[in-house]
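After this come two complexes, each holding chain A, first together with chain B and then together with chain C.
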Partner chain A sequence: MTFGRFLSDRLGRIILWLVCFAAAVLFLAATGTQIDVLIILLLILLLVFLMVQATDYLRDRARLRELESILENLDKKYLFTECVPSADNFYKRCLFDLMRRAGQAMISAISDTHAAQRDYREYVESWVHEIKTPITAARLVCRQVEGEPRRKLDSELAQIEAHVERALFYARAESPEHDCVIRPTSLSEIVSQTVERHRTLLMQSGVRIETQGLEQQVYTDKKWAAFILGQLLQNSARYRGDTPVITISAKPLAKQVQLTIQDNGIGIPAHELPRVFDRGFTGSNGRSRGGATGMGLYLCKKMSGFLELDIQLTSEEGVGTCVTLSFPAKENLTRM
Partner chain B sequence: MTRTSKIMIVEDDSAIREELVLLLENEGYQVFMVTNFATITDQAIREHPDLILLDIGLPGQDGFALCAALRKAVSAPVIFVTSRDSGLDEVRALSLGGDDYITKPYSVPVLMARIRAVLRRSIDTSEHLDTMEAAGVRLSLTKGTLTSAGRTVELTRNEMQIMVCLMEHTGQIVSRADLLDALWDSQIYIDDNTLSVNMTRLRGKLAELDMPDLIKTRRGMGYQL
Partner chain C sequence: MLQVQNIEKYYGSKNNVTKALNRVSFDVADGEFLVIMGASGSGKTTLLNCISTIDTVSAGKILMDGEDVAGLSEDALAKFRRERLGFVFQDFNLLDTLTVEENIGLALSLNHADAQTVQNRVREVAEKLGITEILSKFPYQVSGGQKQRTACARAIVAGQSLLLADEPTGALDSKASKNLLEIISTMNRDMRTTILMVTHDAYSASYAGRVLFLKDGRVFNELLRGDRGRSVFYHEILDVLAALGGDVSDVL
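What follows is the complex of A and B.
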């Protein structure tokens, strides 16, 4: 607050006072008060008046600064009205009280939303766990069916599982600190578990997988990394070419280990590449082959952020797609 | 497998339980399923299973405490089955003496592979030999060689796994799908065409041993040793 703004706020009252001073001076002069006395009186009055205005200004400015610094230091700024000291006069207190009531209404609305969100997340998680039992039962029953119907059922079940898994990780990615445990993990274990999990899809797609140099240790969460890798394998199998080969290889690079997943699939058009990690983006391949959700790579990107994992995708139409994941190989994580 | 292993199933979902019994019996295991969940430990002591498949999400019970009690009572290995796959659970399960951990929904080949692996680790290790012999050939698993009548050929990893799978089922027909499953179990992720290529090479090597017809092709069914 500048002094000018302060004065302009009080302009009406200041003019009124000055008019009163002038009227009093005129009255005293008319009733015969000596001009010397009048000047002294007027000077004293003006001096007192100016001092009052100046102290008011300084006090208001100090208070405003204090309030600003409180707001500045608050983590959740909407709790501001709960944290400020009470005002010094009744009118201001009433104003503040109004603000506080408005603020409280908003805070309770926000905490309701938070609670609803948390409930929803918990429901999704428990739902996912519940649904796994009937899926498992269906998988077992499926073994009694022979031939083509079994193959088809198996692949439908694998798709259901993939969708369920994405839903679970979508819910988990909202609050990663609950689930993510970073520790030294063997890369080959992540790869073999993921391949095992997506075996139905991969085998039915006639995919051959070649692995190279996976005997590395990385710092990551095994389940999350396996999920990310799983999305990539599913993509490679879904958008495969004639004789699909997926090469999974790893090489150490300074403080990182680079895991490369290279396929010889149909590839992604160059103009779509910048958007592949966008939420809900399916692209021309996804639309023409159907079944794309636009969530897989979005989740990969989001989750790799939490794992401090760098994810890069290059692709050429008709040649294949290559995704590189750079895992931290040393315990130099800052956030988790 | 020289004798049938007995597997005890602790699973509260009746559909899964019954299917598991069928499936495991078809695979040649002896199965005991628990239907009374109040006295699991006593039943385990009475039945002497070779392996326990334990669902840790039993209603009204702490699966971890149950596992600890089971480990104290019997020496059989325990495979946990759970639908909850948070990382902490896994650490806890394995630290409590679980031998393996599998999350629902598991696929059947995966479950079978885990069961076989755990049984192989626990049941007398002498059965897990370095060499296998069948139909007049001797396969050395450590050297990766196949020997017959004094002649020896070297096998690649893929060829060796194919040979192992066929020798484990000597006399039986092994379908291409079963062979692929077995190879994927051993982390050899090949497709059907590559299997054919490997098969041809393996037969070539068998021809060097003067046994070109050792592996018979049963049209539309698979292979037979």
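What follows is the complex of A and C.
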């Protein structure tokens, strides 16, 4: 707030006062007061008037700066009304009270939404746990069937499991910090576990997996990393070429370990590449093959961000797709 | 009679905000004796301050007989506090320059009741709480236990429907505490006064019909006494406190 702005706000009142002063002086002059006395009187009046305006300005400016600094320092800005000291005069107090009540309604609404969201997420999580039992039971029943139907049922069940898992991770992705243990983990362990979990899909797609130099230690959460890798493997298997090969390789790079998942699948058109990590984006491949939800890579990106992984995707149509995950790791001192 | 719905309370100063209450909800039925327990810093006094309208909530609602207390104007709030709520504090808050009788009748006089009614009401309540002999004495002439009973009498003399007590036994020795607690339960049982008491003392809590445990601003647990004896209930409260992780000084 500048002094000019302050004065322009009070312009009407200031003019009124000055007119009053002038009228008073004219009146006194007309009734025979000495000119010297009038000048002294006028000077004193003007001085006092100016001082009042100046103190008002300084007080308002200090108050405004205080409020600004409170807002600045607040992490959740919507709690502003709860942190502001009440005002000194009645009118301001009424305004303050109105603001506080509006703020209260907003905080209530936010809190209710958070609670509803949390309830829903908890419901989805418990639902996922419950649905796993009938899926396992179905798998067992499936063993008693022979031949073609068993193979088909197996693959359908594997798909159901993959979808269910994605739903669970989606629900958790909102607050992954509740379920996250960062530990030194071996990459080969993550990869073998993930491949094992998606065995049915990979075998039925006839995918050959090649691994290279996976004996690396990285710092990450095993479960989340395995989920990300699982999504990538599923994509590679789903959008495969004629003789599908997935190459999983790792190489240390300063304070990182880069894990590369390279396939020789159908690839992604260049104009769709910038959008593959968008939520719900299925692209031309997903559209032509069906069954795509547009959630897989979105979740990968989101989780990577949380785990401090860098995820890069390059692809050439008809040649294949290459995803690079950079895991944080200890600097490899032995090599130097 | 009292409904607390998802209330939250933030305390903010210049650089930081503290969440003192986090979505606390509970109901108090007519004639109930409810105790709120929790370690220091768990938000129990904040909760009591919000209910007693001394402080305002950041979110949620507090309904008294279905009426939202946040919507009341300043004058209505003062009237509401005077006529509907009775307060008992840890340090009694009696006026030393008034006699016990005048202390008890003060709220009634402020409500412009006539002298005869005031006197009748005061004597009636004093008789029930066993302080008739000390009515003409001054607060500094009577014992701590008697002072606290005077405070109780003052809290219900105007026919207030809800008695709010913040650590009423905090400044009393064990015998006086026991005596006071007996009187509070009598008030609850015989006069159907609804009581909401905040304490961190398990012994005081064992007199209640229901105990609500607060931890870090959240309702952690709730215990109902049912028809069980007080000592059984006392041990159950101690068990919850052990689980709460309140330190020993808070329990004993």
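Definition applied: the second predicted complex is superposed on the first by the 330 of 336 C-alpha atoms of A that agree within 3 Å, B and C clash if a C-alpha of one lies under 4 Å from a C-alpha of the other, contacts with A are read in each partner's own complex, and residues count from 1 in each chain.
Convention: contacts are C-beta pairs under 8 Å (C-beta built on N, C-alpha and C of every residue); 3 or more make two chains touch, one makes a residue touch a chain.
Note that the structure is a prediction, hence the values are computed from the model and not measured.
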Partners on chain A (chain B, chain C) - clash or fit: fit
Broader residue contact with chain A after superposition on the shared chain, chain B or chain C: B
Which of chain B and chain C A:Leu79 touches, first, second, both or neither: second
Which of chain B and chain C A:Val195 touches, first, second, both or neither: first
Partner chain(s) touched by A:Ser69 [first = chain B, second = chain C, both, neither]: second
Touched partner set for A:Gly291, first chain B, second chain C, both or neither: neither
Where the C-alpha centre of chain A sits as vertex, the angle toward chain B and chain C in the overlay (nearest 10 degrees): 100
Touched partner set for A:Pro269, first chain B, second chain C, both or neither: neither
Gap in Å between nearest CA atoms once chain C and chain B share a frame through chain A: 17
Shared contact residues on chain A - chain B and chain C: none
Touch list for chain A against partner chain C, complex: 66, 69-70, 73-76, 79, 82-84, 100-101, 103-104, 107-108, 110-112, 115
Residues of chain A touching chain B in the complex: 129-130, 132-137, 139-144, 154, 157-158, 161, 179-181, 192, 195-197, 199-200, 202-203, 206-211, 221-223, 243-244
Chain C residues within the chain A interface of the complex: 6, 8, 10-15, 17, 23, 56-61, 70
Chain A contact footprint on chain B (complex, rising order): 13, 15-16, 19-20, 22-23, 57, 83-88, 91, 103-110, 180, 184, 187, 189-194
